[in-house]
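Look for chain A in each of the two complexes below; its partner is chain B in the first and chain C in the second.
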Partner chain A sequence: MIQLAGLGRYLVRRAITFIPTIIGITLLTFTIAFYTPADPARAWAGGQKARPEVVEQVRKMYHLDEPFWTQYYFFMRHILSGSIYSPVTHNNIIVEWMQGFIVTANIAVLATFFTIILGIPLGIIAALRKDTAIDNAVRLLALIGYSTPSFWIAYIFVWIFYDVLRWITLVGVPIPSRIITGLFVIDAIILGEFNILDAIVSRLLLPSFILAFISFGGLARYVRNTMLDVLSSDYILYAHARGLPPFRVWKHALKNSLIPVVTVILFMFAGLLSGAIITETVFQLPGIGYKYVLAINNFDIPSIILYTLMTGLFIVITSLLVDILYAIIDPRIRL
Partner chain B sequence: MGVIWIKIAKRLDKFTDKIIDIYAALREFISPGWKTKNRSKVSELKLMLRAFNRSPLAWTGLTLVLLFIIIGIIGPYVAPEPYWEVYVYPKNMPPGWVDSNGVVHLFGTDYYGRDLLSMILWGARISLVIGLAVIALGVPLGIILGLVAAYYGGKVDEVIMRIVDVFYSFPALVLAIALSATLPSRIDILLREVPILKDFLVLLFGIRPEHGGYLATTVSIIVAMAVVWWPVYTRLLRAVALSEREKVYVEAAKALGLSDRTIMFKHILPNTSSVLLVTITIDLGSIIILEAALSFLGLGPQPPLPEIGRLISDGRAYWPEKWWLIIIPGAFLFIVGLGWNLLGDGLRDIFDPKTRRSIEFGIKERPIMVHDIIGLLGDIAIIAGFLTAGIVYRDAPGMVILFAPLVLLYVVWKGLNTVRFLSRHYVGYALGLIAYLWLITALAKFLPSTYPSGLIVLCGVVLKMSSEEIGKRRGVK
Partner chain C sequence: MSDPILKVEDLRVYFYTYAGVVKAVDGVSFEVYNKEVFGLIGETGCGKTVTSRAITRLIPDPGRIESGRALFRINSRWVDLLKLPEDELRKIRGSMITYVFQDPTSALDPLYTAGYQIVETILAHNKTHPREAWSKAIETLRRVLIPEPEIRARSYPHELSGGMKQRVVAGASIVNEPRLLVADEPTTNVDVTIQAQMIELLSQLKNLKGMSIILVTHNMGLIAEMADRVAVMYAGKIVEIADVNTIFEEPLHPYTQGLINCVPDPTKELKELYPIAGTVPDLINPPSGCRFWPRCSRAMDICKREAPPGINVSEGHRVECWLYAGSGL
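Now for the complex of A and B:
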């Protein structure tokens, strides 16, 4: 435990910067919604034809006639107590968010999985064969990934895999009879429901593959660069000089270059968890991103705020986790 | 393949060296003594461009980006069909469709029965202006805050970085959607109360003045993306400026008693420019794609304004039978995005001393000749001629007439060069240009009466001056 000296102090310091960020996020999202000039009460009461007393009632109900801070207080109280309802669909938003989150989490896990199995080997190969055709190909792949509009590539893949090959389906979200881990694929395997597994794979495979397609080149590039940095460091030179076989040297290099790579993957995963808005819209998957777009179209302000808030929270918490992870691994940070 | 590329790169080297030499000569002309003071800078620039020449990907990127910018600037003027005349043709016609007047529509027609090619040309302007506007709004704010945070440190730094953290906590798309969904009605009021702003934007986007009312949503996505983007630059600038702050030149500037503002903007900022340039280039690609994504979701410019993401969104219902509605605009976006990314990546390499060092030295300085400048003027005259013929007169035969002598002269000049008739490169070039201008004036007689006005007068003047010049040079020799 002596090795972790100073960790507590570091955590306290990190928490001091963490809390204002959370408050800032809630304030920012609330401000965006608060300064919406169109009258939400009228929209929720039924549009232009709504009777004035109904509009007034709706306005009272959602505290829309109160000043900024009171509204903020009410909003935060309801979120913390978990009882906040959408004025458009009349559902509990937090419950709805969770339903969307399960779908999104499934896609995010699959997408991250594909990104890792494609990106890391490619990056390692590119680093070991620096300045060759493979290296240039990885570089080009990364750039193609950055510059591909996801809504465009999605339609091309839909054409290949749905209209030509008939490998995938585009309606409904199949769910195994019991949810154990929350990941549909694993649940279906545990329960032995292989027809549902087949349906899940053919529904969720393509969206997650598209998300992976966009990011795996970038990950490969990152792995290549960190790997090259490590390969040019002194202890690798020493390992070579000591006469270690190349395979053993690479093992040392890989171990050290994977730490920054893990953080990148974590951030990518957090970003995916906040909803792949475009991909979910194209595939009509009822995840968070799809629901977010629906809320925007319906002018459903509480939902908009909650969804924005949750995405912000996810990323802040991830960065906190990454920092703590680093502090445990690398003692210099705790200083 | 590699050998061919090296050959091309060596040719490009000559060209880029010439450009830098001309630039240096101009600076020397404006402020005598510049060249001796900045000799290392000149050779550094040459070396950078040589590094750039050796990267085929970077050149592809630059070509694509230049094409996009040219299309963005001249697109609205050369578009064969106006965007505001809807339902002229049957909607969603395939590429190569011929209408009743016998006009071929290269990319077919869109959801509103307009020529798709024209819509992409109009839309390119909108994409370009939105991209540049986001950079113009977001980057200065980011730069100032980043510099201030890094330079002063302490509490100022802490406050600024906490605000940045808040903005960083949202994926770009989520925050941009939330903002662009709530902003339009406020922007609408702003546009109505400040008509000058509206007129200016109408001019920038190249749209009809009566469509100024549709700009509220367009401006709101610009503002939304600028709000999303500035923290990127604050973080970047702070990181770079923190390491710059510790360097000796900053200490020297402080010792001289310069003000904080001078040190920040005149001394630290120029040293971060390479990083900034790379990031801006790459970000322009991302901004154009993000903007299309927002339009795809129904935010951003509303019909009848042609917007590329919107064109794709309109074609969704007809996929995959009418594939061109999605494939063609999407391919355009992809190529534009790839262009910016390739260029940015290439720039990153040439600013990196490690890559640059691998290129052999051997940069010699060559005195600037008058014919170099005549040659450059000739290039400008040719490009201006094309633009005038293309944009102002919309004159296809005129463009052919401008182009045909050029090809002819190139062939003749090349032939003379191979038999060593013309020993000096630039004299031949200048001679060729003069002959070209003469040919245009000669050919202009056969053109429709509208064409030979301003351009030909310009040509005449240049012709007169440069023929004397050439005569003098010959006499000297």
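Now for the complex of A and C:
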């Protein structure tokens, strides 16, 4: 097990390395926005028909007439202090981001849940039945999931479940009366609001399932290969040689397979938290991915920087989490 | 002495690879007597490890035990280990027949402490309280000469040196007081001082507990030091089997003679070593007839055509070679 003192020092050290990463991400995003051959002030003021004095006013307000570094500093200071309003929607961008995030997080949690409950058992079965019809079926499923474009499968599912069967809804996001855990499904169950639960399920289940559909096959293949590696290792053979009962051999096999699988799942989850642009757009879900595309279309520079920043932050934090989890599972790793 | 506890008869283990069928063990027969050290010697890849593991069916995919019997004596009753249900065989592995694996680094699970892995071995075969098992594990670690066993029991494999890991594996193999211990290259991965300690330890265990040992090695010196009887393996077959003195004093098979000529004798003035020409044959398409003929300086026509029969030269001395086909017997 890890020593807590070591963990504290490690966290501080890692947090310090966050800073250059985050600065780098935001700087890169801003540089691209800065050199894009378009006038943000004009776009925000209303496009070609905007009156020149309004354009000038917007330009002054957002310091767009000042040099690169001053502009960058202005955006960053106001984004980090949460005091900047979107020049397009006129809402506080942090609040907007949070509204999108709660939707995306709900889908991400459900999608990860589906991916895990489908991917891990299938992977284990494929490993145990290596080179049989079951193994090949899992391989085929993984291939289909990988290579199916998500917009295509999303439209097909919408056609089946909305147009034909009328099982799902495509408008709004139903929310329970109070937010407890932040997960709508669980909150609705806690509050006993089953009609809302029903609405949530028919709204969020399908997009989550589509996200799971394109990744569970990959996870299953990964679990299979990890499992096969572990099962063919010397320590598993030696566990048999020591006459350990099957459940004890399994304990060795599973714990050793767990480490790389947990990593893959966590990074997948971090990716999902950054928003599923295509799926959210098809289902008209106001999550981060949906809002991100909107911000890009509107040339909403502060929102673009914020969204990129948060995505970067999730990836960095996930890799930190993975490191800590490794240290807990694997005694060979000391932080 | 001649009171066998294990009789292996015509054992064949084939590996079904993409390249073809590897006949790793092809018709091996031998006996292991009570309280003896039975040496199994041969070059890398000759099938000695596979033979020793096939006894308890520890053959991973794509290997398959094709035929043969491995009769093990339990309370004066003979049991064929190759036909025993998996569940009953499991009860024999790790308690009556135990293994010291070749590479201690990969034999121990990196995620569990040394003590845990020994305790696990105890609990798999005995109804003991875990706390008692823990103190027994520490006692065992002390017996295998691990300094400060209370601390080492809580160490993870990566925190132990190679020699110490080897001794932990040895500890796990003796903790249930087996009747037969299979020691696969027990000294290869450890340095010389530990080697001597390991040999000492194994001899002590043999005398104290009255167990038999199958010593799998390519080290002639270790065989001379420890073994009572020796089987020489070449390309999946036992080419000669005899007691250790006969093997060293009057080796009959040209391969055995070659092996002994490869080892410097410290009591005699060193003149020249005679390596055996050529390399180990491909076991997918082994040479016709006797598998050793392409490397044998005394090969005859018949060697290329037909596999030699097993010839009992004298009591307990068997050789598979055409040179002795007409002689005496």
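Points worth noting:
Operating definition for what follows: the second predicted complex is superposed on the first by the 304 of 335 C-alpha atoms of A that agree within 3 Å, B and C clash if a C-alpha of one lies under 4 Å from a C-alpha of the other, contacts with A are read in each partner's own complex, and residues count from 1 in each chain.
The working rule: a contact is a pair of C-beta atoms (placed from the backbone, for glycine too) under 8 Å apart; a residue touches a chain by one contact, two chains touch by 3 or more.
Just so it is clear, the structure is predicted and the values come from calculations on it, not from any experiment.
In the superposition on chain A, A:Gly243 contacts chain C only, with no contact to chain B. When both complexes are overlaid on chain A, the residue A:Asn298 reaches neither chain B nor chain C.
Once the two complexes are overlaid on the shared chain, A:Ser202 sits clear of chain B and of chain C alike. Of the two partner chains placed by the overlay, only chain B lies in contact with A:Ala33; chain C stays clear of it.
Touched residues of chain A were counted for both chain B and chain C, and B has more of them.
By the document's definition of touching, of the two partners only chain C reaches A:Asn256; chain B does not.
Judged by the touch definition given at the top, the superposed model places A:Thr169 against neither chain B nor chain C. Every residue of chain C that touches chain A in the complex is listed here, in rising order: 53, 56, 58, 60-61, 90-95, 98-99, 101, 103, 106-112, 120-121, 124-125, 156, 158, 169, 172-173. Those residues of chain A lying in contact with chain B across their complex are 17, 20-21, 24-25, 28-29, 32-33, 35-38, 136, 139-140, 143-144, 146-153, 155-156, 158-159, 163, 271, 274-275, 277-278, 281, 292-293, 296-297, 304, 307-308, 311-313, 315-316.
Of all residues in chain B, those touching chain A in their complex are 57, 162-163, 165-171, 173-175, 177-179, 181-182, 185-186, 189, 282, 285-286, 289, 292-293, 296-299, 309, 312-313, 316, 319-320, 323, 326-327, 330-331, 333-334, 336-338, 340-342, 345. Looking at the complex, you find that chain A touches chain C at residues 130, 232-235, 237-245, 248, 252, 255-256, 329-332.
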